[in-house]
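Each structure below is given as C-alpha cells.
Each of the next two complexes has chain A plus one other chain: chain B in the first, chain C in the second.
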Partner chain A sequence: MSVLAPILALLLLAWCVAVLDAWMTTGRFRPLAPLTATLALVAGESLVPRKPDRLFFETAPILLLLAAVLAAAALPIAPHLVITDLATSALFVNAALAYVLVALLMAGWGPDGAYAMIGGWRFLGQTIAYSMLIVMPITAVAMRAQSLLTTDIVRSQAGLWNVLYQPLGFALFFVAAMAVSFLPPFDLPTASGELAGGVEAEYTGARRAIFRLGRTILIVSLATATTVFYLGGWLGPWLPPWLWSALKTLAVAAAMLAAGHAVPRLREAHLLAWAWKAGIPLAMLNIFLVGVLLLVIP
Partner chain B sequence: MSALQLAFVTFFGLAAVWFALVVFRTSSMMRSALALLFSQTALGALFLALQAEFLGVLQIMMMATEMSIMAIFMVMFMMDPGGLGQMDMTHQKRLSIVAGVVAAAVVAVVAVLTPWGAPATSIPNPSEQLQGLGRELLGRSMLVFETAGITILTAMVAATAVAMPALQRRRER
Partner chain C sequence: MLARDLHAVTVPGPDVFSALGLDPGAVGVTYAATPRHAQVLVLAGPLPPELREAAAVAYAQMPRPRVILALGTQEFSPLPDPDVTGPASHDGLAQGLRRVRELLSRHAFSPEARAFEPAVLATRTEYTCPMHPEVVQDEPGTCPKCGMELVAREASGSSDETHHHTISHKDASAHDDHAQHEHRDDHGGHAENRTAEGATSYTCPMHPEIVQDEPGRCPECGMFLVPADSDEGAGSDTGHAPSHAHHQADSHPHDHDPDAGEVHEHGAGMDFMSMVEVTKDLPRGRDGLPMDRIDVPFGPLFPGLPGGLLLTLTLAGDVVARASARTLTGPRSALPEPGMPAARFIEHLASLDPLTPTAYRLLARRALEAASGSTPSAHQQRARLAAAERERAASHLGGLAQLARQVGLPWLERRATRFQLTLIHGDHDALALLARQSVALRTRLERTPLLAARLMHVGALSPADGLRGPVARAAGMTTDARTHDPAYAELGFEPVLHQGGDALTRLHVRLEEITRSLRLAEAAGTLTMPADFDTHAAIGDAIGDAIGDAIGDGQAVVETPRGEACLQVYLDGGLVTRARLDTPSAGHLTLLPELLTDLELGDALVAAGSLDISPWEASVS
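Coming up: the complex of A and B.
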C-alpha cells in the first residue's frame, strides 16, 4: 500500500504533465491524449534496426524508466507518503539520476544509427555540464536542514522556503533539472529538427512508449525534487499535504515546459562553457552564502 | 547477519564477479565499459545490503558518470570500438596473466593475514554513520582528503592547460 500510492501519484502526475506539454505545444487541451497516444504506440509495430546491440537497445528504455522512478522513490509527497525514507535520500536522488545518462548512452549506442549515436554522446557532454549544478545546490539545501533526509529537508523550510532563503541555488537547480530531463533548450540528445529524434529516433511502437513514459516520469521526478528541495514540499495552509505537493510539482513542471518554449536550443560547447564558467562559481557562492547565513542567523 | 541479508550479499557479490568477467569476454568497448559499471553498481548494492548506506549510494552514484566517461575514451581510442571487425585488441598476454595472478594472490594474502579484530555486533543507524563520517572527514582524515582533493584539482587544471593550445589551433583554422 505504502508503495502503491506514490506510484499511482507518479503516474497521475505524469499524465497531467503529458497533457500540459501537448497543450503548450499544440494549443489544444485534450485530457485523453496520453491514452490515445499510448494506444497508438503500443498497437503499432515496434521495429528493431539492422545489426543492433540488442541488449542495450532493449535495456535502455526500461533503465530510463527505472532511474526516473527510483529518483522519485526517495522524494516525499506527504509526511508519510514516501517509498523509501533513506538517511541519504537527497544523495540517492542524485544517484538514480546518474543512470539517466547510462540509459541514454545505451539508447544511443544500441540501435547502430548515426543520429542516435550522436544524441547519446551529446548527453554525456551535457551531463558534464549539469551534474555539478545538481549536486552543489543540494549540498546547500542539506546544509540548512543539517540532514540528507528529504523529509527533514521539507521540515527545515517550515519558517521560510528555500526558494527565498537561497534563490541562487533554486535558479541553478531549476536550470540543471531542465538539463537532466533534456527539455528544450537542453534537448541536445533528441534535438527534433536537427537529429531527427536522436536517441529516440530508432525506437518505435511499445519500446518508444516506454521511453516516452520514462522521460515524462523523469520530468515529474525533477519537478518533485525542485518542490521538495526549494518550495517547501507538502507545506502549506488549508489544503491537504499531498495536494500541495501535487500542485507545486505541476506548477514547477509547467514552468519548466514554458521556459523551454521561449529559448532557442543551446549548443553543446556553449552549454559547457556557461555551466563551468558561470554555473559552478555561482553554486560555490551559494554554498558560501548559505554557510554565512547559517552561522549569522541562529 | 540475517539469512535474507546473506542472500542479498551473495547475490550482489556474484553479480559483481559475473559483470567483471563480462568486461573481458566482450570485444565491444561500450559493452565492456558498461559491464564494469554494472560490476561496480553491484558492489554498491552489496554495501547497501551490508547496511553501509552512504558508501553504497555514493558508489552507485559516482560510478555511473565515471564509467560513462571511460566509455567515450575507449570508443575514441580503440581501432574497433564495436568489436565487430574480428580484430584482436589484446597485447602482452603472458605478462598480464602473471600480473593478474600475482595481484590477486597479494590481495588474498593481505585479506587473510590482516588482524581484522572481532566482528562488529551492532551497526550504528544510517544517520549516525553519516555524522561519524562527517566528523572523520573534518577531523583525523582531513589532511588526507584535502590533499587528495587539491591534487585532483591540480591535475584537472593541468590537463585543461595541456588541451588549450589544441583548442586554440582549431579556432584559428
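Coming up: the complex of A and C.
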C-alpha cells in the first residue's frame, strides 16, 4: 500500500477537525478557515525569541508533528489502508505518543520564556497522570484480540465492538487520549487564561503553523486510535470501510472537543490524584474483567 | 482573506471593553492569548502612562504585519501613532476593524519592515574581559590588564531594572527565566571544569564515611565518588542563585564565561552532576522540594486577569512562593486640582474607573449633596437605584466572563459577555427577561461539572476588616451600604449572604446578586422613568444650582459592585477644595500577597480573579 493515501486521509481528517474546532469555539462554521488561518500564519513574521535554545526551539514543532504522524502510521483506516502493519503496532502507537512529551518539553524550554517553560513542565506532570491510562486499556484490548497487530484488533471486534465489551476501558482511554492531545480541560500546558498560550506562546508564523498542524494531527491520531481499539475501526455495513473509519474518527474527535468545552480546566493536583487514585485501579479492574470474560466466553 | 481571523490584544483589557459596550466578538475578533498570536492592538479610552508602556511592549512582541487601532485614545507615547483611529463606540470598533482588515489583506510581512523598538525595551551592551570581570566598559576594545579582546554582554542594572518593573508579558519573563536557564546550564559546565582541576580525596555524596584517594564508585551504593571538598565549591556555586544579573551575560557555558574564572579558583570538582549537591542550597518550597525560583510577571495585559493589574509571582515549580501585586493604571488622584467646580468634580470621579462609572458618579453627587445640605427627590433616588443596580449586574457579568477566560469555559465567556452587553445597551423592558435569564445561567453554572471542584477552597478568606462587598458577604459578613438606604428598604432589599469565603462562594454571591440587582432595577424603574444607564438624567444634572456657593464638608458611602466606597469632600464657595476617597479594591489589592502565597499557579490566578479587583479603583490615592 502506498504511503500517500493514508497521509492524505490524515490531512483531510485534520482539516475537518480544525473546522470543527473553530466552529465549536467561535460558533461560526467556515470550511475554509484552516486555509486562511494557515496562509495568514505563513505570510506573517516567524519570530525567534531573544535568547532561545535554537535546537530545541526549531525541533519541537517538527517533533510534535512527527510523533503524531508516527502514531497514526500504525493505525489502519481500511483493511489494507495502513502505512505500516507492524506485528507490535498497538505498542508502537504508544511509543510514538511518548514523543509528544519530549516535543512539548522542548517547546517549553526552547524559547526561554517563563510561561512556555512552566507549560512544558506541567505537561511532564500530565504525562505521569495519563500514561498508565493509555497503556493499561490497550493491554486489555490486545488481550481480547490475542494480538498486538492493530488490524487483528479491529477484526477481533467483528462480533461486538470493544466499546460494549469493555466500556470501562473505553472511558479511560477516551479521557487519557484527551489528556495526551492536551485538549481542554487538559490544556494545562497551553492554558490561555493561566499561561497566555504556554508552550505555544512564543511560536509565530510558519513555526506556529507546523505546531498547530502537529497538534491537530495528534487529535486525529488519537481519535483514530480510539476508533481502532474500541469502535471496530473500519467495520460497518453498507458504506465502504474507509468511510466508516473516517466517520467514526470524526465523531470521536467531535466528542473530545465537545467534552472539553463543557468543563473548566482541571487543577494539576486533581488530575494527578484522580488519575492515580481512581483511574489506575479502574484500569486494573478493566483488565481483570476482560480476563474473566475471555475465560468464561470461549 | 488573510485577515478574516483577527486576534487582538486589547488595552486596557476585555473587562474594560465590555464595560464600554464594545464587543470585538460580534465583529469576528477574538482576544489573543498572547501578543505573539495577535495581528491588531486595539486601544480604547484614555490610557495611563504605564499602561501605554505595557501596550508598547505588547506591540513590540506582535509578529508583523501588525496594526494599531485606537478608539478614543489621545496619547500614545511610547507607542507609534495608530494606523486606524475611531470613536470609543461599538460602531467605531466595527468601522475601525473593517479598515484594519483592508490594511492587513494588502500587506504581508516583508523582511525589510521597520522594527519597533520602544525605549523601555532598549538594552545596553557593555564589554567585559573574560578573565577580569571587574573590567567593564561601554566600548569594545582590549583588556588593560591582560590585553585580551573584550566580549560583549547585555548590561545588567539600570536598563534591565526598568524592564523588570515596567513590563508585562513575555519579555520581562524571558529575562528572569533566562537567568535560570543559563544558571542550570552552568552546572554542567562547571562540573566539567572541576574535574580538570583534580582533588586529593574522594567521597560518596550519600555515604560521607567512604573516603579514598582515587576516583571510583562507592562500595555501599555504587554511586560515583565526588571530591571531598566539593561541598564548598558547590555551595558557593549555587550561591549565585539570587544574583541573576550575574548570568545575564550573553554567553554559553562552554564559552569563556566570566563565571569560569571563579570555578577555577574554587578548584573543587565533581565527576557527575549530583542532584543532591546541585539543589542543596536552594530554598525549600511548601512541599520540601528544593527548586530554583523564578519571578514571573502576570499582567498587566494578561488574558486571565483584569487589564492593568500586575501580579509578580515568585514561582517554585508551579507553586507561588511569594507574590506581589500592583496596578499600572495610576497614580490617579481623587482631586487633581484643588478648587474644582462641582460639576467637573463629578465628571472626574466618574471617569476614575471605566468599569463602574455610575457608582462613582453617584458617590460624588451624594457627597456634594451632603456637603451642601440638599436632598434628592424620591423619584431621583429610585432612578439612581435603578442605574446603580444595573451597573452592578453588568459588572458581575463582566467578572463571570473574566472567570471564564481564566478557567477555559468559552461558552460562559460568550454568554456572560453577550448578557452584559444586552444589559448595557438594552432598555428597561428587557430587565424582567434578563432577570429570568440570569436564573437560568445560575442553574447552568451549578450543573457545570468540575466547576465547583475547581473553585472550592481556593483563596479562602475569613471575616476581616479589609473585606468589602461581595468578597465580604461571601465570608459571612453583613456589610452592605444599601441596607441603610431608605430607597432600598422601600423595595424590600436584603443583602445576599453566604458562608465559606472561598472562590466558589464568591461566585455564588455574585450570581445571586445579578438576579437580585436586575429585579431591584426593574422594580425601581417601573415606579419612575426608565433609568437610562449611566447618564446625567438618572443621577441628576443640575448640581450647580443646588450647591450655589455652599461651604461645608460632606461624606457619602455607596455600595459599588466591588463594595463600599467612601468619599469625603470639602466645599468652599461652590468649589471642591479637598476630597478623600476610600475604595474597596485598594484594600483587596493589599490582601493578594498573603492570599496567593503557597497556592498552585492555577489556583493563585483563580483566587486573584475571584476578588474582582478593579485596578483603576485601586490606583486612586
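Note that in this section the second predicted complex is superposed on the first by the 297 of 298 C-alpha atoms of A that agree within 3 Å, B and C clash if a C-alpha of one lies under 4 Å from a C-alpha of the other, contacts with A are read in each partner's own complex, and residues count from 1 in each chain.
Keep in mind that, in the parts below, a contact is a pair of C-beta atoms (placed from the backbone, for glycine too) under 8 Å apart; a residue touches a chain by one contact, two chains touch by 3 or more.
What you see is a predicted model, and the numbers here were worked out from it, not measured in a lab.
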Which superposed partner A:58 touches (first chain B, second chain C, both, neither): neither
Chain B or chain C, by number of chain A residues touched: C
Partner chain in contact with A:85 - chain B first, chain C second, else both or neither: neither
Partner chain in contact with A:147 - chain B first, chain C second, else both or neither: first
Partner chain(s) touched by A:106 [first = chain B, second = chain C, both, neither]: first
Which of chain B and chain C A:187 touches, first, second, both or neither: second
Partner chain in contact with A:121 - chain B first, chain C second, else both or neither: both
Chain B/chain C common contact set on chain A: 53, 109, 112, 121
For the chain C and chain A complex, residues of the former touching the latter: 1-5, 28, 30, 33-34, 36-37, 39, 61, 63-65, 108-109, 113, 169-171, 173-174, 176-178, 181, 250, 294, 296, 302-304, 315, 317-318, 405-411, 414, 448-451, 453-454, 600-603, 605
Residues of chain A touching chain B in the complex: 53, 55-56, 86-88, 91-92, 94-95, 98-99, 101-102, 105-106, 109, 112, 121, 124, 127-128, 131, 147-149
Touching residues (chain side chain B, partner chain A) in the complex: 28, 30-31, 34, 37, 53-54, 57-58, 60-61, 64-65, 68-69, 71-72, 82, 125-127, 129-130
Parts of chain A lying in touch with chain C, wherever the complex brings them together: 25-28, 30, 33, 36-37, 39-40, 43-47, 49-51, 53, 109, 111-115, 117-118, 121-122, 184-185, 187-188, 191-194, 196-197, 200-205, 208, 261-270
